[in-house]
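As structure tokens, here come the structures.
Shared between the two complexes below is chain A, which pairs with chain B and chain C, respectively.
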Partner chain A sequence: MDRPAIQVEGLTRKFGRRLAVDNLTFEVPPGSVCGLLGRNGAGKSTAIRLMMNLLDVTAGRVTLLGLDSRRHHTALMSRIGYVADAPLPYDWMKVRELIWFTAKFYRNWNDSRVDSLLDRFGIDREQKIRHLSRGTQAQVALVLALGGDPELLILDEPATGLDVLVRRDFLESIIHLMQQDGRTVLFSTHLLHEVERVADRVIIMDNGRLVKSAAIDDLKAASGMSLEDTFVDVVGTKEPA
Partner chain B sequence: MQLKLQPASPIPMYLQIVEQIRYAIAAGTLRANDEMPSVRALALEHVINPNTVARAYLELEREELLSKRRGAGTYVSAKAEAMRGEYRIRAVRQLLEKAVATAAELGLTAAQLRNLLEKELAKVEVER
Partner chain C sequence: MRPLLWKEMRDLRLWVVAGALLVGTFELLSRSDSWQRSFEGGYLPFFMPVLLTVAAVGLGAGQVARERHARSLDYLLTRPISPTAIVWAKFLAGTVALALLVVALVGFGFRDPSSLRDSGERMIREQVGFQAVALALFPRYWFVYTLTLFFSVLVDRAAKVAAMMTVIAITVVALAGALTSLAPFSRFVYWLPYFDLTGALVTVARTTAISAQTGVVFSAAAVLSTAIAAVLLKRSPERYVGNLGLIAIAAGFAGAAVLSAHAASVRFPATPPVGSWSFEEPVDNDSAGVVADGDMAAVVFDREVRFVDFSNPAKPLPAGNVAIPLFSSESFGSISGGTKAAMGHGAVFVVGQKKAVPVDLVEVAMVKPAGELHELVLAPVRPFDFVSRPVLVDHFLYLAFSHGLHYDLRVFDTGTQSEVASLPIEDLALDRKGPNLLVVALYSRDGYVYMASSASLTTVDVRQPARPVVTNRIQFHPQINSFRAFLRKMAWQGDRLFETSVWPQGLLAYDLRDPAHPAAAGGLVLHGDVSLMGSGEELYQPWQQGILEFHGQGDELRGQRYLSGGRSVNALAMGGQYLFALSYVNDRNHGMLQAYR
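This part shows the complex of A and B:
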């Protein structure tokens, strides 16, 4: 299992003349939880959407679980859990219906995990998605992403705008998933302390470029600084909370 | 197992765990043949990455403070008890080194420092 779970090589995307993602190259080893950090507008979301093949690349390539993410898009979708930084689709469905609908796309759908997560989050299965609060919708999105028993979980700003307790639930769910060997998680955020708790690696982006990719322990040992100080050091400005 | 972890500290999380388990052994809170919580249990309890706990346990196994028993979990090793005296002295010595260095920086004389130490000792003896 030495093959990286995520391999990004020379990933580039232009919007008009602006380079949103600029020659991004990094690897994430299997079995790790990796935080993708950067200020607002650093290119995190674009990078994730490129990795998920939801956006065409200008240059470069992405290999997920050993497969090219463009050529093997369909095969990969059933092995990857993804929570987008966007409202849930099909918001006219009930929670129960959306789960039933989503389950059809996965080979290894785990009903008991889905049920226990819904219970833990206290989500009413008969509610329509559009009648749920933003926090509850985010929880449903996470349940859907975890339901397929993903080998790789990619979360785009999963915790933004959620209250402290819901965020804690999120992190706990990630830890639960990690109990299974070889599962890999990548999540983008601008909330540093979230990363420090559960992540063992960080990737820091600024202006579309990679500025750091390292194990957090190594980073701390080498610099003697907290992650926050390192972030300020490499990115230059402190992110307003 | 109650750990006080500070994710935002510059000290790597696994080292924080290592130090706190060492301390618990030195203080006698953890004794030889005590069973340690599993990596999974500790990770879930503190909402931290299981890899971090695994790395801490590995480090403590390398120091022979913990030992794995095949198929039966991780235990405080019999040796740990014997090493306890050494760890106690080391822990206090490290603090004393800091105190002496601070005293030197602030220009306290050796006599003043000794005097301070005597006073602190006297306090503890009174409390006891």
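This part shows the complex of A and C:
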């Protein structure tokens, strides 16, 4: 069996006395599209930042693509695409400049993919980042994450700020693009229908803890409920608006 | 690295542009008279270091912290580039920007010398060039910049870094002040990033060896602190030091400054005086000096001499007051150096101005405790004449009498009260641009008289007093014309003659093993008011509320004892086994003569 694309073991992070992530353990098999679900404040972003080595772990270990995320941080970054839940950096740059700036870090930068995605999203390369709408910024962020031909794509609330139509096209097309090449995608969201539409696996977090980690089909079959009902069942409340 | 450098330079270009605009504004403002008067003198010693500190801190403070706060650092850290490379790219860009700012800000201080009016600015500019100062200063501010970069890695807000560096800068200035007291003769002033009162930075910029030594150390510290910052960013990209940590570090710095000030006060063992004599000064008196011969000391006022016998130091006895009518020891050439008097063979010799018709006279009053008074007329008073403090060797009195760029060594027989010789000397090194007054200091030892002006040290063989012969002249280079009116005091210890240099402040040492031909033997740094004296085993200098006794060893001066007096000392005199210190409080008309063994 292939080794997991993401392997998280006992991941724990404390902020002062507060446990933001509590003994999180799960695996994401290669080639899968996995949604990380949870209410606002469930610890999704912290878990992703810990996986990306942007925060120190209090305990636990993260293995990405078979490599320790801490020890092989720089090497891993050339194989992983990451989109943070933050606005694009360096808003004084033009789109073209930010792409040039980012591309220079990668040996395997895929110019044609970047160009076709920019065209597909209709992004003006001469616009300054600060003049882009939040949605367009999210699109540019995604293009930048995909430019390095990543084996693993980790997206933290990637569709925030996009309108419904764009979000649908954006998420589905990008995730299918990744899936076609047998690459792995992990994306966090609190929107259940997005997960149901594009993901084949789901990880549900609540209060920093893992509540469920399974294939969506298995989850539905086992519970006999829709994903939304299952989520409400395990988290104990309705999805927040 | 290339895209990072490009981005960093774009990030920092505002600082460079701001620096250029600032210098341009200064240049325009400096064309106005009022600005020139109020600003020019303070630029190199004050505004330039402040601006360079702001530049160094401003460049480094936001480089990591602002990126962390804006979360753009996450963007970099999730690209295939090592955190180490990120820090070094920032360092390289910051270094280039800082170099440009140093060149601009130092360069402004060295622009168009013809417009300079301020003597302080001239003092610096006459001795060092722009390149030397820029080269000496750059490593210092480079270190300030990298220290800022280091803190920038530790915290998440540029403002916190700037606040931290402000605390450090204030602490450094306070520590420098404390160290002046703690180690008054150490070379720590060579490490300061500004022109302090001693002018040590001038010495650094002028001396390749010191400039290179300090430059290498500061540069190494800059690289090391960047390397540590790189490792810290690599180890964990989140913030390390919270607000409490910052406050603790700041408190640590402030505590260090306070502790050093306390340490300074207990640095040297205090020795109290063995005898003390209080006096009320005469009415309308403006100054007082002290001379001594054996156990007898004399306080010389403007028109009066008071003798005090310290044979029994526990109970010093007044031994006579002698008034000198129509005389003023204060009014003639009374520049730095205090009262001009000498004592020997039971008499005091005071240089002063005597009221006379048609013109006042310069004369030496010879005063004895019993009231005996003789007066030696030297010349009619003329503008810009100067008479040195006299020295007494056996029965002959020597003094230098200067006018313009010339001076004479004049020799008087105190027995016959007549002049026995006059040796003309011209200070060829001086040009005519400086002030008209030429000040000369005199010192004697073992049959030789040493005469120091701001341009030369002249040795005269006086073993035959009627036939003085110049045996040696040492000219100073570079000399400063504006310092012709400053007195270069002298003292000797063992086989070395020390002479004060006014700017940069310090001591020049001469080897006296061949007394006819003193050989220059290096220079020493000395802080505060340079007013040393000594003729034997030790050297003395008024210091804090008393006197510091110190000893020259090699290139170092080591403080040994603190002769505590309880108030600041005005004048010192050595006589027999005692060192006499005159403390003089103008506002109370009350003085004190204290003897130390």
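The rule is short, and it goes like this: the second predicted complex is superposed on the first by the 234 of 241 C-alpha atoms of A that agree within 3 Å, B and C clash if a C-alpha of one lies under 4 Å from a C-alpha of the other, contacts with A are read in each partner's own complex, and residues count from 1 in each chain.
Here, a residue touches a chain if its C-beta (ideal position, glycine included) is under 8 Å from a C-beta of that chain, and two chains touch if they have at least 3 such contacts.
Just so you know, these numbers come straight off a predicted model, no measurement behind them.
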- Would you check which partner chain A:228 touches, where first means chain B only, second means chain C only, and both and neither mean what they say? first
- Message: For A:33 in the superposed arrangement: first (chain B), second (chain C), both or neither?
- Response: first
- Name the contact category of A:200: first (chain B only), second (chain C only), both, or neither. first
- Taking the superposition as given, does A:220 touch the first partner, chain B, the second, chain C, both, or neither? first
- Message: One more residue to check, A:68. First (chain B), second (chain C), both or neither?
- Response: neither
- Message: A:101 in the overlay: touching chain B, chain C, both, or neither? Say first, second, both or neither.
- Response: second
- Message: Tell me the contact category for A:89 with respect to chain B and chain C: first, second, both or neither.
- Response: second
- Note on the structure: Touching chain C in the complex, chain A uses residues 49, 52-56, 74-75, 77-78, 80, 82, 84, 86, 88-90, 92, 100-102, 104-107, 148
- Query: For the complex, which residues does chain A have touching chain B?
  - Reply: 31-33, 168, 171-172, 175-176, 178-179, 192-193, 196-200, 216-217, 220-221, 223-229
- Note on the structure: Note: in the complex, chain C contacts chain A through residues 2-3, 6-7, 10, 67, 70-72, 74-83, 236-238
- Note on the structure: Touching chain A in the complex, chain B uses residues 7-15, 40, 43-44, 47-52, 55
